[in-house]
Amino acid sequence: MRYLTAGESHGKQQTTIIEGLPARMPLTQDDINHSLLRRQKGHGRGKRMQIEKDLVDIVGGVRHGYTLGSPIALVVHNDDFKHWIDVMGEDPVEEDQKIRRVVTRARPGHADLNGALKYGHRDMRNILERSSARETTARVAAGAVAKTLLKHLDIEIVGYVKEIAGIKAAEKPELSIKEKIKISEESPVRCLDETVGKQMMDAIDIAKKEGDSIGGVCEVSIEGLPAGLGSYVHYDRKLDGRIAGAVQSINAFKGVEFGIGFEAARKNGSDVHDEILWSEERGFYRRTNRLGGFEGGMTTGMPVIVKGVMKPIPTLYKPLQSVDIESKEPFNASIERSDSCAVPAAAVVMEHVVAFEVAKAILEQFPNDQFPKLKEAIDQYREEIRCF
Amino acid sequence: MRYLTAGESHGKQQTTIIEGLPARMPLTQDDINHSLLRRQKGHGRGKRMQIEKDLVDIVGGVRHGYTLGSPIALVVHNDDFKHWIDVMGEDPVEEDQKIRRVVTRARPGHADLNGALKYGHRDMRNILERSSARETTARVAAGAVAKTLLKHLDIEIVGYVKEIAGIKAAEKPELSIKEKIKISEESPVRCLDETVGKQMMDAIDIAKKEGDSIGGVCEVSIEGLPAGLGSYVHYDRKLDGRIAGAVQSINAFKGVEFGIGFEAARKNGSDVHDEILWSEERGFYRRTNRLGGFEGGMTTGMPVIVKGVMKPIPTLYKPLQSVDIESKEPFNASIERSDSCAVPAAAVVMEHVVAFEVAKAILEQFPNDQFPKLKEAIDQYREEIRCF
Amino acid sequence: MRYLTAGESHGKQQTTIIEGLPARMPLTQDDINHSLLRRQKGHGRGKRMQIEKDLVDIVGGVRHGYTLGSPIALVVHNDDFKHWIDVMGEDPVEEDQKIRRVVTRARPGHADLNGALKYGHRDMRNILERSSARETTARVAAGAVAKTLLKHLDIEIVGYVKEIAGIKAAEKPELSIKEKIKISEESPVRCLDETVGKQMMDAIDIAKKEGDSIGGVCEVSIEGLPAGLGSYVHYDRKLDGRIAGAVQSINAFKGVEFGIGFEAARKNGSDVHDEILWSEERGFYRRTNRLGGFEGGMTTGMPVIVKGVMKPIPTLYKPLQSVDIESKEPFNASIERSDSCAVPAAAVVMEHVVAFEVAKAILEQFPNDQFPKLKEAIDQYREEIRCF
Amino acid sequence: MRYLTAGESHGKQQTTIIEGLPARMPLTQDDINHSLLRRQKGHGRGKRMQIEKDLVDIVGGVRHGYTLGSPIALVVHNDDFKHWIDVMGEDPVEEDQKIRRVVTRARPGHADLNGALKYGHRDMRNILERSSARETTARVAAGAVAKTLLKHLDIEIVGYVKEIAGIKAAEKPELSIKEKIKISEESPVRCLDETVGKQMMDAIDIAKKEGDSIGGVCEVSIEGLPAGLGSYVHYDRKLDGRIAGAVQSINAFKGVEFGIGFEAARKNGSDVHDEILWSEERGFYRRTNRLGGFEGGMTTGMPVIVKGVMKPIPTLYKPLQSVDIESKEPFNASIERSDSCAVPAAAVVMEHVVAFEVAKAILEQFPNDQFPKLKEAIDQYREEIRCF
């Protein structure tokens, strides 16, 4: 399974094509819209999120509620494009019309300057339109399709917020994944701990008032994965490696870790590894899950736990110093939008990005033409490893 | 540029094929042996490392000290194989001969159990031989070729140890990369801070005495990269994402972060982003480098700083509980080797793994047939962006 | 450069995403529409072609007439979809509504039966909608973008018809590629020889009258390619191999050959190879071009000449025997449309499919971020090899 | 499944790494040596073939006669390397030592000139060593592994010679594939028709005497493939396309066709398509097999029949005119070896190259971790489509 996305922030639409899904899997626009809506929520989002509701149009690969096996094309239209035709239209314009609108002030923390140097763009709108977080719409759409596949294989996945501006939520190992889904959905900051969630909201409000921005840590949890997804045999087939790569590629993410992650550097081996137990009902299982569900680049059958860190949004009322690429004069970097914290939305994006990699790994090692046969094969494999 | 590796820990050899290098790049066995040797050093390594010196044999793609443009094949022989022929030979054997040697005791923290479930192996030697850290020899060999390319493009890269068992080395921003290379090479734990290095060695000795193992954090630093490597235009072209995926795929790694990494969750945006400055001599540059040399998945022209965390080695004198996959009886997991800390070696591995991804990114966007033309193009690009 | 396509024949639209184009390349909807229009012409096409004019909508990656460097998304809407909503809609429908419309009669020569067996579809509309020649719209759109890139690099490419129903056009080595473009465009069967073209039209008319269909041979010619595109160093980098794979993957194509192709089996080596000459003005060149512009999987600098054979369209008035997949009763395969010869259109498709592979190969070995720099690099390389 | 090869003609060895094979598949060195031996036979081969017997050394991925699931590394040593150390050694040499040995005379029909222009090599030995047919050893080795997989799935494949120097063997539809394997193996020119085979040998002898070379057409036949391998859903998943690309990439091949191939341009649709029949025992099958076992890029369940054309070997006693790249003086191209016809060997190479693509396609759509489960899944699928 592979996918490509296209689309600029103020262009006509976000487009996604996903190739490699099995035929005869149930899939509806509602499955995807549900995900798109979740991405738009969250305390601290700017106004744009509240006004425009993203809705998907499935324009290929699905018929009468089922996948055909052919590539799936997804479109999310930008309703606002009509106001941006002059700025973002695809047709050639006169040179002087271009010059009036040129963005020459590079914003620190964005792709603006590096993109300009790389591509030789002197109008940095040519970069910021694509490097925008708007692109995560397309990735969430792709992930929503992957999540639908996982759901029908009895695999559940959820993203939530572990930390904002240094305020950390405690571990909640007692919660089932269904509870995690429910609680995080009800929290305006997608936090599993209501009290901490309120502190996070306060921190967001303060940051907003001060014209500053704050980041945080998202966690994604997956249950229902059989042991043995991914492979140790070649480095690029390790599933944790692929997930790490995909998470790191989300806009504004600066790190990723599995299970206790960086804490593993501070503990003895005897406190890090997960002892192996066995019972007739469960087969092999682990006493603990410090390694976050991965050993040797493969799932262990325990829940997958992966964290990603998002830096504070770089566009601020409290400005950063920068330089105009034409005049070379310093200036204080301008504001493009008013979110002060996008971490709750990022948890949704991360959930979907991880879902895609997991679904892809499943389709690589199990029969992938027909969804009913895939399901049967996975169920049979689950039984085999239980009785191994 | 792409590569494949093959080889089991006690098999005949580690083999690497690298495809996609430019022609006419200087490359010698010494370039690679230097890297292999560095991988084998480090306080706390077991005896095997001290006895066998890995030496590469270039068996394809190089003639008279220069690359041909054709695929490069690298072999590191296992001198010890002669003692392992019965156990690891490729020829069919009688069933009863197999049964005598079968490994049925799954070690926690290794690929043993998950690999057995996945591949249906009932003799876990079939897994542990490949999932062994021995495979990093092949990755270091590939990385050594990449490092040679970088070196001739005036790009320097070094891996060192930031933390072992909770003992952290301070930041050393005052050190040039050449100093980092020199100091880390002289330290038995590859630490830039001599005093902290000694504490680390003590911690390793204590862990060894107690039959426990300890992990740590490695950091890789790269200087000389122009801005604009990698791209924001599609998620899988972000260079930090690719590096994250590659680092996470190193045996025993549990997380990766760039610049201040997870600390970004604890700071205000105004304290995270790197303000943009400009001078006639340097062109654009940054006041700080908190983002570790990446914005928008592209290099910023500042040093790349990436950290990875390695968990403690799972094989211990102080045993972990596990289960025999045949008898289903619990047992205390056995010892295969005696390293108590592999973090210094892991820093070398990580350096090489990162080097490969960076070299690959360079070859994707610059002319890649002839090394002299590549060098010319990079130098010209450096000048262009300085005068942008 | 890579691309994905999606879309069913009677679905909402054909969608193409192309990733990996350089920034700052001129590209307009007209460039693509010109190609789409050419695909729809040709003596012997059915009515659908004449009624619906395919027009592209660029919905990503282009601004003010230039590429941004970000992925390019192209949409060709199916105007007719409004009449097909019930049959092809993406929303779930009641089971009985499905049953009424089910296609159970497998047509020989189509993907119907094999697709049904593979994907477990019992309604073969689920296959035929995607395996339709309608998909070539998306491939022509992708190829039109590639052709635009080639054009701006002074590389010209044209597809025309060499043979229909055994009627062969003579070689026309005296024609320049510009003349080939002009003459083929004016011919209703895209034949370079007017007299032969008329015979082809007659053959098409006869086939139509008899309710039969006929196939033919298309040829694609490219001029302006420098020597050394593609590479012998690894089998999957040979450019002729990639072109062969791409051409063979066009609907209804059954073979591909370069230069004299299969005739090479009937000649002595001394009559097959192209002797090497040199002059100060031209550098190295060849006395002949029997090998069609390729040696060692690389271009020779001579025109690329590649032929592909298209089988007769399988849907016929003169029916073929088949079997209903439900009743297992034999029947005579039904008619879905009335083209009796699609070879002239196939020449346009093949031209675009080949253009994509050539453009991709160029972008792999030359600098690919900025179009102006790509052009400069190619021009410089041309000069270098002239003076080699 | 993917593979990389490395190695120069007179270098130390040919190396192949294959990644992605299932675990627990029987595989021995004999399986591969059998193929290597077959590649070296054939009337008209030069002396080198008769003297050096290629033997494989499996140096990774196989233990006790079974695959481990880890990458497979294969080495074929060049016994002759000891005489070539000075010319082909990897260590740096003095400049004057290089100059003495430089190849500056480009041979028409080889990669020499294009490779020199591309990579900037002024010593064309740097090209001819890799572009040599010696590389097909590594591809045959990879294909032998694929063939072993196919064999254990009850799929048989054979390559033989259809035509040499215009002398064509008749179709032999009455022969079973086992007979084809046996007869072609006994024929010094791998021809299924003994009388024609003798004519071919005469033609080879005459060509040799005249100092000329001749080419021919190879055919590969596969039986036992279920319908539905490959897919129409995306152009690059069509299995005939992939096979075409792989065959075209064999040294000296100039075209490829399926079933009646280019003849399809000369027949009416009613004489091209394969009518569909059904019986309770066989399920769906075809009255004829003109399309060579492919419809819609998928197998039909009928035998796969693919042809490839090999041009005459370019190195000749009867010389071709060329130019020295340094002096720019014309010369008559020299002789490197004395084969006058390599078509019988090419049939073996093509058989293995096709085998690899078919095995790869199988592993992409069926469960691929464990060979016994793969076999079970394929057998079950065969039964399902028989009862569809």
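Per-chain numbering from 1; labels A, B, C and D assigned in written order.
In this section, a residue touches a chain if its C-beta (ideal position, glycine included) is under 8 Å from a C-beta of that chain, and two chains touch if they have at least 3 such contacts.
The chain lineup, named per UniProt: A, B, C, D = Chorismate synthase.
Computed from a predicted structure; not experimentally measured.
Quick check: more C-beta contact pairs at C-D or at B-D?
C-D is joined by more C-beta pairs in contact.
Suppose chain centres are the mean of their C-alpha atoms. Which chain sits farthest from subunit C?
Farthest from subunit C by mean C-alpha position: B.
Subunit B to subunit C: how many Å between their CA centres?
So the centre of subunit B lies 44 Å away from the centre of subunit C.
Whole-Å distance, subunit B centre to subunit D centre, using C-alpha means?
About 37 Å separates the centre of subunit B from that of subunit D.
Between subunit C and subunit D, what is the separation of their C-alpha centroids in Å?
Chain centres of subunit C and subunit D, defined by C-alpha means, are spaced 27 Å apart.
Find every residue in subunit C that makes contact with two or more other chains and list them.
4-5, 19, 69-71, 115, 118-119, 127, 130, 228, 231, 233-234, 365, 369
Which word fits how the chains touch one another: line, ring, star, complete or other?
complete
Inside the complex, what are the residues of subunit A that reach subunit D?
Residue positions touching the partner: 19, 69-71, 228, 231, 233-234, 364-369, 377.
Quick check: in the complex, which residue numbers of subunit B touch subunit D?
By the definition above, subunit B touches subunit D via 2-8, 11-15, 17, 19, 23-24, 26, 28-29, 57-66, 68-73, 75, 88-93, 98, 115, 118-121, 125-127, 129-130, 369-370, 372-373.
In the complex, go through subunit A and note every residue touching subunit B.
On the subunit A side, the touching residues are 4-5, 106, 108-119, 127, 130-131, 135, 139, 163-166, 207, 212-217, 226-229, 231-236, 238, 240-251, 254-262, 264-270, 272-278, 284, 286-287, 291-292, 295-301, 309-314, 316, 318, 320-323, 325, 328, 330, 365, 385, 388.
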